[in-house]
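Please read the structure below before turning to the comments.
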Amino acid sequence: MGEMNFVPSRLDALVNWARRSSLFQYPLVTACCGMEYMSVSCAHFDVARFGAEVPRFSPRQADVLMIVGTINHKQSRIVRMVYDQMLEPKWVIAFGTCASTGGMYDNYASLPGVDHAIPVDVYIAGCPPRPEAVLEGLMALQRRIDAMTGSATAVVGEYRDREE
Amino acid sequence: MSTLFYIVEAAVKAVFVLFAIAFPLASLLIWQERKQSALIQDRLGPNRAFINLPFIRRFRFFGLLHLVADSIKMFMKEDFMPAGARPFLFQMAPVLALAPVLLVFAVIPFGDTLLLYLPDKDLFYAVNLSVASLDTGLLFLLAVISLTVYGTVLAGYAPDSKPGMLGALRAGAQMFSYEAAMGLTVAGVLMVYGTMAIDHIARAQDSLVLGFLPAWGVVYQPLGALLFLIAATAETKRVPFDMPEGESEIVGYFVEYSAMKFGTFMFAEFLEVVAVAALLTVLFFGAYHLPWLSWNHHVIPWLTGLIGAHTVTPGLNIQVVSLVTALLQLLVFMAKVGFFCFLQLLVRWTLPRFRYDQLMDFGWKLLLPAAMINLALTAVAVLALGKAG
Amino acid sequence: MSGRKDDPRRLWSDPPAGPPPLAEGLKPLGHDELDIELGPAHPAMHGIVKLKLRVEGESIIRCEPEVGYLHRGFEKTCEHRRWTQCIPYVDRLNYVSAPVNDIAFCMTVEDMLGVAVPARAVALRTLLMEAGRIVDHLTCLGASAMELGAFTAFLWLMQAREEWYFFLEHYCGARITTNLSRIGGQPYDLFTGFEAEVEACLKKTEDMVFKVHKLSTRNRIFHDRLRGTGVIDADTALDLGFTGPLLRGSGLDLDLRKARPYLLYDKLDFHVPVGLHGDNYDRYLVRLEEIRQSASLVRQVLHAIPEGPLMVEDPHISLVPKTAVYNHIEGIIHHFKLLTGGHAVPAGHWYKAVEAPNGELGFYLVSDGGGMPYRVRARPPSLYATAGLPEMLKGQMIADVVATFGSINMIGGELER
Amino acid sequence: MDLAGLRLILEEKHQGAVEDAAASPPDNDELLLNAAFLRPVCDTLKHHPRLSFRLMADLCCVDLLAWPGFDPATDKRFMLVYHLYSVAHNRRLRLKTLAGGDDPAVDSVAAVWRAADWPEREIHEMFGVRFNGRGDLKPLFLYEEFQGHPLCKDYPLKGQQPVVDLRAPLPLREDPAHFQTAFEKAYFRPVGLTQIDNTARLPESMLAEGALARLSQAAKAYKKRHGIDGQGLPGPVRGGGDHERP
C-alpha cells in the first residue's frame, strides 16, 4: 500500500473530483416532486452551482438518473429501460418519498420504492422534498463519489463484460 | 526558404491558432454560457468545484474548474455504440463535425504581419498572421463550412435511431438552406473588396471611407452583415436555430452518442460560435483594426518612437515593434470575437426556437431574397462607383 | 464498446417481431411515413404520457396518446381512508395548485354534511384558491415557454412561483402539497404579516409576468410558434369536454366562478378573458390575463377578510380545541370519535365542481354513511384535454406537439389519478 | 325549467326511459335511466334545443357490491353516472343507469359526446363494464398484463401485479467504502426486462365459493333491519348543499 498506490489513488481522486463536479442528470419527472425539481433549478436554489444543471434527455449522456415522483408498475418498465440505457458510471437518486418507498400510495398501482426495480444510491426524503433537501441529496451523492475507489484504473465498460 | 520551413511555419501557426485562440475561446465560451445564462436568470451559475492550492484553500476560479471537470468526466465515461449502428460512420461523425470548424480557423487572420528578424542574415522574414493566406480564402471558407453538415447528418444517420434521423434531416435541410444565403452575403464582401483572400480583405479595412467612417465591411454592407450574422448563427445550430438538436422535441441528432464523442459535438458547436464570431469580425467588423486608428499610420510610428529611444539595434527595434503590434492586434481581434460571442449567447438565452417550416420560410423567402437584393445593390454600386472613380 | 441486437441498452428499440398490432382502421405504414414514439421518458411529455406519432417528414398524420404512467390508485386508496385523510391524496391530484383541490374537496364534503363555513374561512379560501390559480398558470406558462426553448422566461416565472411557495409554506407549513383545508373550515389562521407577504408575492408575480410579457408576447418567433397551432373551435372543444382556459381560448366564456358562483366570487369584481382563435397563442394570452385577474381578486379579498371563527363550531365536524380535549371528557370523546370514526357523512352522492386553473374540477363523492367515502371520483380537467390532443394536433408538425402539449397543461396527478 | 319539466320532455320522446328522478338543485338533479334507452336519451339531451346538454362533464362508475342492502343475486352491480352540463341554460344534470349480470354492458355514448371516449375506456378497465357500439376498449391507465378490475370492491387494495422482476432493495450501508464492491457485485449488469408470472398474485375474488350467498344474506338482513324495499341506490344527499352560504 502507500507508495505503490499513490499514483492510482491520486488519479482516482482526480476522476472522482471531475465526476462529482459534473453530474449531468437525466430527470425522469413523473409527479408532484417535479415541481420541486423545477424549483431546484430556479434562481432561489440554483442547482447549477454544483455543475449539475445540465439535464441531458438522452440516457447515454447522463450520469445521474433522477427518479422524481411516484413510479407505478407500468412506469417501472420504462425506469428499468432508462437505467439500462445509461452508461457507466451511473448513479440513481430517488427523489421524494414515493420514489424511495412508495410513500402514501400503498396500493395496487404503485411500486413500493423504485429500488425494487433499479439500484438506488441516494434517497431524498420528503413529499415532496424541499429544494434544500435535494441539494443535500446531491451533496450526499458527491460524497459517495468521493469515496469510490478504482475510478481511474477501471476499464470503462468492464463492468458489463465481467458479467458475460 | 525550403518547403520544410513553410510546413513548420504553418504548423506553428496552426498550433498557435488552435491552442491560443480557438480552444481557449471555445472552452471559455462554455463557461461564459453557463455564467451568462445564470446572470440573465438571476442565478449564480457553477461555482462549487474547487482545488486546494498550496496557499489558497478551496480555490474555485470563478467556476472555471467545472469545465475541466466536464472534460475529464467525459473522457472517463463509458463509450458506447448501439446495436444496428453503422460502425465506421458512427466513429467518423464526431470527427467530421469537428474538423471543418477547425479548418475555418486556418484562413482567419488574427493579425497583420509579424516581422521576424534573422540576425545571421540581417534579414526580416515576414510571417503572415493567418495559418494559410489563401488567394481563394473565401471560396475555401464556403467549401469548408458546407462540410460541417456531414458530421451532423452522419451523427443522426449512423446510429439507426429515429429521433437522430429526424435531427439529421432537419440539420441537412437547415444547413443547406442557410448556406445559400451565407454564400450570397459573402459574395457581397467579395465584390466590395475585389479580392477573395481573406487577409487582404482584413487589411483593406484599415482605411477610412468618406473621410470619417472606418472602411469596415459593415459600412459597405450593413444588410450583408446582418444577414451573415443570422445565416451563420443558423449554421451553428443553436437557439433559435437549434432545430437539429431541438432538445424538447427530438432529443437531438447526437442522441446516441456518449462520453467524449458527445463532448466533441458540444465542443464543435461552441467552436462554431467562435468561428462565426471570428468570421463576422474579419469580414465585417474590421478584423484586428481599431476604428479611426490605423496600425500603419498611427500605432506603429508611435510605438517605434516609443521603443526606438530605448534600443540600440535597428533590427531588434523593428522586431520589438512588430511583436508588440502583433500582440495588440491579436488583443483587438480577440476582444471583437469575444463581443460577438457574447452577442450570440445573448440571443441564445433570449429567443425561443423556430419551427421547421418557419425556419425554411425564413431562410428561403426572406433571407435569400434579401441577400440577393443586397448582392444586386452592391453590384450596381460597385459598378457605378467604379465607373465614377 | 459493442452493439448487439439483444442489448437491453438499445435506446430506440425495434418493434416486436411479427406484424405490429394495428389500431382499428389504421393503415400500415406508408412509403414516406415513420412511426415515432414520444415519451414517456421525453423532456416535453412530463414523463408520463406517450405519444405515438405517425409522421410524414415533420407533419403528423396520426397521433395517439397513451397514458397511465402515473396511475397510482387515488380513487381506490381514498375508499380506504377516512374523509379527512383523503385531503392529502386530493392534494396530489393537481399538485401544481394543491390549494384548489383541497378546498374543492372540503367544500363537496361540507355540502354533503350540509354545513355552512364561517365567513372568514370562506374569504380565506377564495384567496388561497386564487393563489393556487396564479401558481398553476405561472408554472404552465413557464413550462411551455421552456419547451419552446425559452429557458429564461421559465426561470423568471419560477422565481415568482417560488415566492408563492414561501407564502404557502408560511401559511400551512408545506410548499406544494399544502393540505391546507379541513372539512368545516380552514385550520390555520392568518400569520403575522400575512397581508404584506401576499402583497410582496403579488408584486413579484406582476413584475415577472410583465417581464415575460415583454420578452415573449410580441416576440415574432414566439408568436409564430403559437399562433395557428393546436387550433380547436369552441364546438369541438365542448364536445371533447374541454373546460377552463382551453375552452375560453376557443371563445366560449364558460367560467364556473361566473356561471355558478361559489365562495365569494359573486361578490368580487373580475373579468373572464376569452380568446378568439382557439390556438395556443390565445390560450397563452388567456392564462396571462387570468394571472392578472387573479392577482386583482387576491387583492380584493385580502383587504376584506372578516373577523370571526375559521372552523364550524360543531364538534362532529371540526376538531375541538386542544384545551377542551385535555380538560373535558366531552372534548376528548368528540376528539376520539372524530379521529377514529371519521365524519358522519349522510348516505348518498354529491357532485360539486369548481373552476380549477385547468378547468372544471369536480368531485363526485358517494357515501354509505360510514366514516370513509364509498367512492371518490375526481373529474380531472386534464383527462379530457389530453384525450382531445389528437384533435388539436391534426395536420400539425412535430414541433407543435410540445407547444400544444404545453398549452393544455397536462397534470399527471389528476389525469391518471 | 325544473327537473320535472325536463323529465316531461324526455318521457314525451322516450316512453319509459326515465325510471326515477330526484331533484336537488342546483347541481345535483338526477334521473335514473333505463339502460336500454341510454343512447337515444343522451342524443335528445344533447340536441334538444330546450335541453342542449352539450358538455359531458364527467362519466364514472360506482361498484355497488359493498353498498348497504345490495343483493348480488338480484341487483345490478354497476351504477354508471353521467354528469352533464348545459352551457346555454346553465344547468347541470346527472344521469344514473345500471349495468349488471355476468357481462355488464351498456351502450356507449362516445358517439354523442366524444368526451366519453376515455372515461369509457377507464371504466372498462377499472370495473369491467363493457360499452356497446364502439370499438377499441383497450386499457387506458393500466397495462395489458393487468388482470382483474382494480376499482371493483372485490379487488384488494394492495393487489399488485408487477411487470418487471422486482428485486429486494440493496440495503444502504453507512460505510461509503462498501458502496463500490457491493454495488458492483449486485448491480453492474444490465437487468433486462423479464416477464414474470403474475397470476399467482391475483386476488381471490370475493364472489367465489359461496361468497355470493353470504352477501345476499347480509343484504336481506340489512334490508330487514332498515326497512328498505327495492334497490336503495345512492341518491343525492338529503339536506345537502351550501344553502347557508354567507
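For reference, chains read A, B, C and D in written order, and residue numbers begin at 1 within each chain.
We take it that contacts are C-beta pairs under 8 Å (C-beta built on N, C-alpha and C of every residue); 3 or more make two chains touch, one makes a residue touch a chain.
Keep in mind that this is a model prediction, so the values were computed, not measured.
**Q** Treat touching chains as neighbours and tell me the shortest step distance from chain B to chain D.
**A** 2
**Q** Please identify the chain with the largest separation between its CA centroid and the CA centroid of chain B.
**A** D
**Q** Which two chains are joined by the greatest number of C-beta pairs in contact?
**A** Chain pair with the maximum contact count: C-D.
**Q** Report the inter-centroid distance (CA atoms only) between chain A and chain C in whole Å.
**A** Taking the mean C-alpha position of each chain, the two centres sit 29 Å apart.
**Q** At what distance in angstrom does the C-alpha mean of chain C lie from that of chain B?
**A** 47
**Q** Please report how many Å separate the Cα centroid of chain A from that of chain D, as a whole number.
**A** Going by mean C-alpha positions, chain A sits 39 Å from chain D.
**Q** Distance between chain C and chain D based on Cα centroids, please, to the nearest Å.
**A** Between these chains, centre-to-centre, one finds 22 Å.
**Q** Taking each residue of chain A in turn, which ones touch at least two of the other chains?
**A** 42-43, 57-58, 60, 74, 81, 84, 87-88, 106-109, 157
**Q** Give the residues of chain B that touch two or more other chains, as numbers and ranges in rising order.
**A** Residue numbers touching two or more other chains: 41-43, 79-80, 247-248, 251, 255-256.
**Q** So which bits of chain C are touching at least two other chains?
**A** Only 1, 7-11, 42-43, 68, 71, 73, 76-77, 155, 159 qualify.
**Q** Determine the shape of the graph in which chains are vertices and touching pairs are edges (line, ring, star, complete, other).
**A** other
**Q** Kindly provide every pair of chains that touch.
**A** Going through each pair of chains, those in contact are A-B, A-C, A-D, B-C, C-D.
**Q** Can you check the complex and tell me which residues of chain C touch chain D?
**A** Touch residues, chain C against chain D: 7-9, 23-24, 67-68, 71, 73, 75-77, 80, 107, 110-116, 118-119, 122, 238-241, 243, 252, 254, 259-260, 262, 345-353, 360, 362, 364, 366-369, 374-375, 377, 379, 383-384, 386-388, 416.
**Q** Mind pulling up the chain C residues that touch chain B in the complex?
**A** It is residues 1-7, 9-12, 14, 34, 36, 42-44, 57-58, 145-152, 155-156, 159, 215-216, 219, 221-222, 224-225, 397-402 of chain C that touch chain B.
**Q** Mind listing the chain B positions that touch chain A in their complex?
**A** Contacts found on chain B: 34, 38, 41-49, 51, 63, 65-66, 68-74, 76-80, 247-248, 251-252, 254-259, 262.
**Q** In their complex, what parts of chain D are in touch with chain A?
**A** Those in contact with chain A are residues 141-143, 150, 155-164, 166-170, 172, 176-177, 179-180, 183-184, 186-193.
**Q** Which residues of chain A touch chain D once you look at their complex with the stated criterion?
**A** Going by the criterion above, the answer is residues 73-74, 76-77, 80-81, 83-84, 88, 106-109, 111-113, 115-121, 123, 143-144, 146-150, 159-160, 162-163.
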